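A single structure is presented below for examination.
To keep things simple, chains are lettered A, B, C and D as they appear, and every chain counts its residues starting from 1.
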């Protein structure tokens, strides 16, 4: 028995060295990509992989970063916090230098602690939870999307300044994103004397109908509804409101600024307001990025594609600027050096939010979202 | 009072939607004593089949009413076929096994079907066309109750009556009741139990398909996950009414629909589902077999 | 063993497989062949899929019938012989020549694991161990006492949130809360137990499912209490005498902590199972009426099962919060309950070894099935159905303990 | 000799909705007696058992017990079955209700449950007293199995036992609760004549050696007549006769109940 134990230990030690060896021998720059790549939220995560692939192919063709080739390490986190920690430790143990991801705010929060302890900068194209940057807990976190409170601010300002509304109902879908946004909207409205929140409630996503809530909104006498959530629920609510012959104004968020919303709600979608990332369709880099995607994959890019594209460029550019993969140098470069991206020229503030990335208000007109200036 | 009435109607619609799914659920349970966790998936497959048929026929430029009929027919045929096959694969070999094993098998089936549709189709929500036109005569009250809601209400009633009739008065219904009472005994007196169970699954799945088409058309969108959520609610409704009882399923669904509607209307939709479940627990404390369920005290 | 198939039978088999394949081609036709996108109004025809389905179902149906026949023959043989079939697993578990080396190897493997494999592997192993604990706890309720609980995740959430919240508000440490979390979960077990005392089978299942959902929905809605859907971040990892651990050390520490806790769980659950209380649970599962008539207090026994089952979920929840450092209600959905239930049933209800094997398979398999990526859950569903059809008793069937009853020869 | 009956049932009545299953039934059993309760199918005999053992809560009447050594009379209707068992009444079931997936020995050990003390902590720490208790229970259960003649099955699953042995195991399990009285619900049902004979001897042995009184429901008239000291007869929920086997054999009401009206006509 003893003999066998000895053999086993030898094998074990050899394995350990091999594992350590592979980590040290590599001299590529390792870019981790994490997000949901399977499951029901996969459609939010996969475009990020494609963006990263295209950026890396482009940069490697031009000689890489600091003369080293960039290697992609792609890991699935299915948007679940507990899986995200596994994903993060896997990326860390594989020796990534920077990470593009994660996609969902919850998974991002869970994973960030692990990256922080290992001094790895992380940049998300999509995690909009305000606490990620505002709590100050995650100095290693950056993002190329504006946070929820910025969106809520825009919605409230639009309702008060442009539409001059007095009575507003705030509704959310009880989810991380929707409820967070609604809470901000409610707080902003309550601070402002011009309007009052006549109604604040959460609906159950996936329910077969929302007639009771719609009835209640009607009874509350609200002139407008600010909704935090995604398009499947939004289209049901709008349809039900219009069928009940209510002309209550509907203002919502990025989760609703999706063409599917218009396709589902059809004629009832007309006039609905939704915030969304600033229109960058005239930015030449954005045009090029979209073209590259079409050429490589034969389809239009999906959700957060341009944010992810920009994040990948920003991360790799920061390493180039810093001259090493050293944590302090890279984060410093991210904060101080401007970089040209499809989202425009960006740089990051002390908290990690991108300066120059923001939201605009859109409205459905003749079956399409139109940016309001 | 107007407000109350509108909430009442809202609850009624919601309840009859639950009922369309709960009817098949409760019927399968009554005869096979199996929680068919995948019943919701059959409903989802019915909706998808209908959507696919509609899309293809619309592209071919067929007449609206023909499309509607063919789509509904295809949904019923395919859902029944799926229900039948599912029973043969996942439940029949487990007739003698512990009931928990059959439940796990059902959960496995549910997962499989969800992911099958997810992979073969898409994870996104797809718009589902409104199949039921807004009737002329409904125009004056359309803001209170729409035509699709009316159709759902009527369909639920018809399905309930037909199922009750089928079970009470037909030959196969008699065989079903015998099988439900005592499977071995039924077999001894010459009932083809396998056939009865197959027929049960086929009918249960067919009602799920009708529900799938109507509800999808009412809601206006579907994805692969709608079956699971609806299935859980229908399960709650069926248990509330007394699982295994056809009128119980409808009553349970309506009670659940009203509970949710009034709770949302008068208190808050934040805790709508919490309340629904608490209500279920309360009912079961006082009537451990549901509202219409007969508490079968075990023969000692 | 191979079953002889004669020529006319072979033709018959081929015919059956052919019919099955036709049937599946019909069945999968709309969903596999046509892909509609009603947003873009595109219809895609994928005729190749029909071909694959046909070939696939032809082969699978033949295999299926062969396996079913084998299974039935097995049952038949048992009936004819009149002797209960001793399965391989039972034989192995009863044989000391097998168990002792197996134990030694497992111990060594467990000890060197975190030093040999990467921190990622260690992390997965911790998750698997957490599920072992959850499975063993649920096994008390479902496997031993026969109470179908679909809301087990509620107690897991209670544990996780008690650590997160008590730490956030009062700065209580891991070890303090470990006890509190277990206790609170046990209390919730009793709270759930009271209203369901009279309920049976499927009614019990739906009420427990509701209970699990209630807890999750409260955590989601009551922001002032639980921080709502955005969850609680920066939960400290368990401390080791105030020493600052980096992430790798902390992971290894949690790993060994979890090993110790799992051993503790196995020890306690094993003792409970083979005690007066354990016997009462099994009797309750076997026949409620007879059990009561033999002088067992049904209420007390049921409540004890709920409480003691919940305790482990509470412990596991505390460790989960400490390991993930972030929790939100999304981790405590009904699918989590179903997952744990699958661990118990797949492993073999009532069997401790079974539950351990079940947890490792169920947690490690999807993790190592990552290469299957999006086909993962499809495969998982298939495995569940197959397992139940061909091995309804689970991987490891229970072995009832035999007692030493002869002190002196009579 | 204690003159007070150990089981005294007075005017026991049980209604199920509108149906009166038991109608003012009186019955008494004295220490050391073997008493039989007979009657046609559906007469209400099992309902009577269920009312006494706490499975049903009777609608009216009294069930009084007076344990032979403790001497105090107690009213037990409305108690939960487990409390009734603790008081010293143990029963078997007409449709065998063994714990099928437990071994024969464990089935009997379950019977000892209410006479044991070990709690959760005892189970986990398995202290001296717990271990002693466990050992004693194993010994006791085994010796009961020996008395009943089931020791060769000791480690078999209950479900794998032959039918007659399952019936006897029910008796063994009931004996393990330390009763002063056993209620046997059709113990000979489904047994062959040889097994019935053994059962006859066993029941006598239980009374002689253990001092346990017996109340049994049985359809096998040969067994009833040979065993019983006294017989009670029920029909349609009412007691129609009582007396010694010889008296019952001659009782016209009993003959009528068993053979039906047409004999008179």
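Basically, a residue touches a chain if its C-beta (ideal position, glycine included) is under 8 Å from a C-beta of that chain, and two chains touch if they have at least 3 such contacts.
Small disclaimer: the values here were computed from a predicted structure and weren't measured.
Asker: Show me the overlap between the contact partners of chain B and those of chain D.
Answerer: Chains in contact with chain B as well as chain D: C.
Asker: If you tally contacting C-beta pairs, which pair wins, C-D or B-C?
Answerer: Most C-beta pairs in contact, of the two: B-C.
Asker: Looking at C-alpha means, what's the farthest chain from chain D?
Answerer: Between chain D and the rest, the longest centre separation is with A.
Asker: What is the distance, in whole Å, between the centres of chain C and chain D, each centre taken as the mean of its C-alpha atoms?
Answerer: 42
Asker: So, what's the distance in Å between the C-alpha centres of chain D and chain A?
Answerer: Averaging C-alpha atoms per chain gives centres 72 Å apart.
Asker: Rounded to a whole Å, what is the gap between the Cα centroids of chain B and chain C?
Answerer: Averaging C-alpha atoms per chain gives centres 29 Å apart.
Asker: Rounded to the nearest whole Å, what is the centre-to-centre distance of chain A and chain B, using the mean of the C-alpha atoms as each centre?
Answerer: Distance between chain centres: 37 Å.
Asker: Which residues of chain C are in contact with two or more other chains?
Answerer: 38-39, 221, 289, 374, 377 - these are the residues of chain C that touch more than one other chain.
Asker: Residues touching two or more other chains, restricted to chain B: which are they?
Answerer: Where chain B meets two or more other chains at a single residue, that happens at 118, 124, 127, 270, 273, 300.
Asker: For chain D, write out the residues touching at least two other chains, lowest number first.
Answerer: 55, 93, 97, in rising order.
Asker: For chain A, which residues count as touching chain C in their complex?
Answerer: 1, 5, 8-9, 12, 15-16, 19, 37-39, 42, 76, 80-82, 85-86, 89-90, 92-94, 105-106, 109-110, 113-114, 117-118, 129, 131, 135, 137, 174-176, 179-180, 183, 202, 259-260, 263
Asker: Enumerate the contact residues on chain C facing chain D in the complex.
Answerer: For chain C paired with chain D, touching residues are 82, 84, 268, 271-272, 275-280, 282-283, 286-287, 289-298, 304, 308, 398, 400, 402-407, 410.
Asker: Show me the residue ranges of chain B that touch chain C in the complex, using the header's touch definition.
Answerer: Counting only chain B, the residues touching chain C are 29, 35, 45, 48-49, 51-53, 55-56, 59, 74, 78, 81-82, 85, 89-90, 93-94, 97-105, 107-122, 124, 126-129, 232, 235-236, 239, 243, 270-271, 273-274, 277-278, 280-281, 284-285, 288-290, 298, 300.
Asker: So in the complex, which bits of chain C are touching chain A?
Answerer: Residues in contact with chain A: 38-39, 104, 108, 112, 115-120, 122-124, 127, 220-221, 223, 228-231, 233-234, 246-247, 251, 320, 323-328, 330-331, 367, 370, 373-374, 376-377.
Asker: For the complex, give me every residue of chain A touching chain B.
Answerer: Spelled out, the residues of chain A in touch with chain B are 39-43, 174, 201-204, 206-209, 211-213, 215-216, 219, 231-232, 235-236, 239, 243-245, 260, 263-266.
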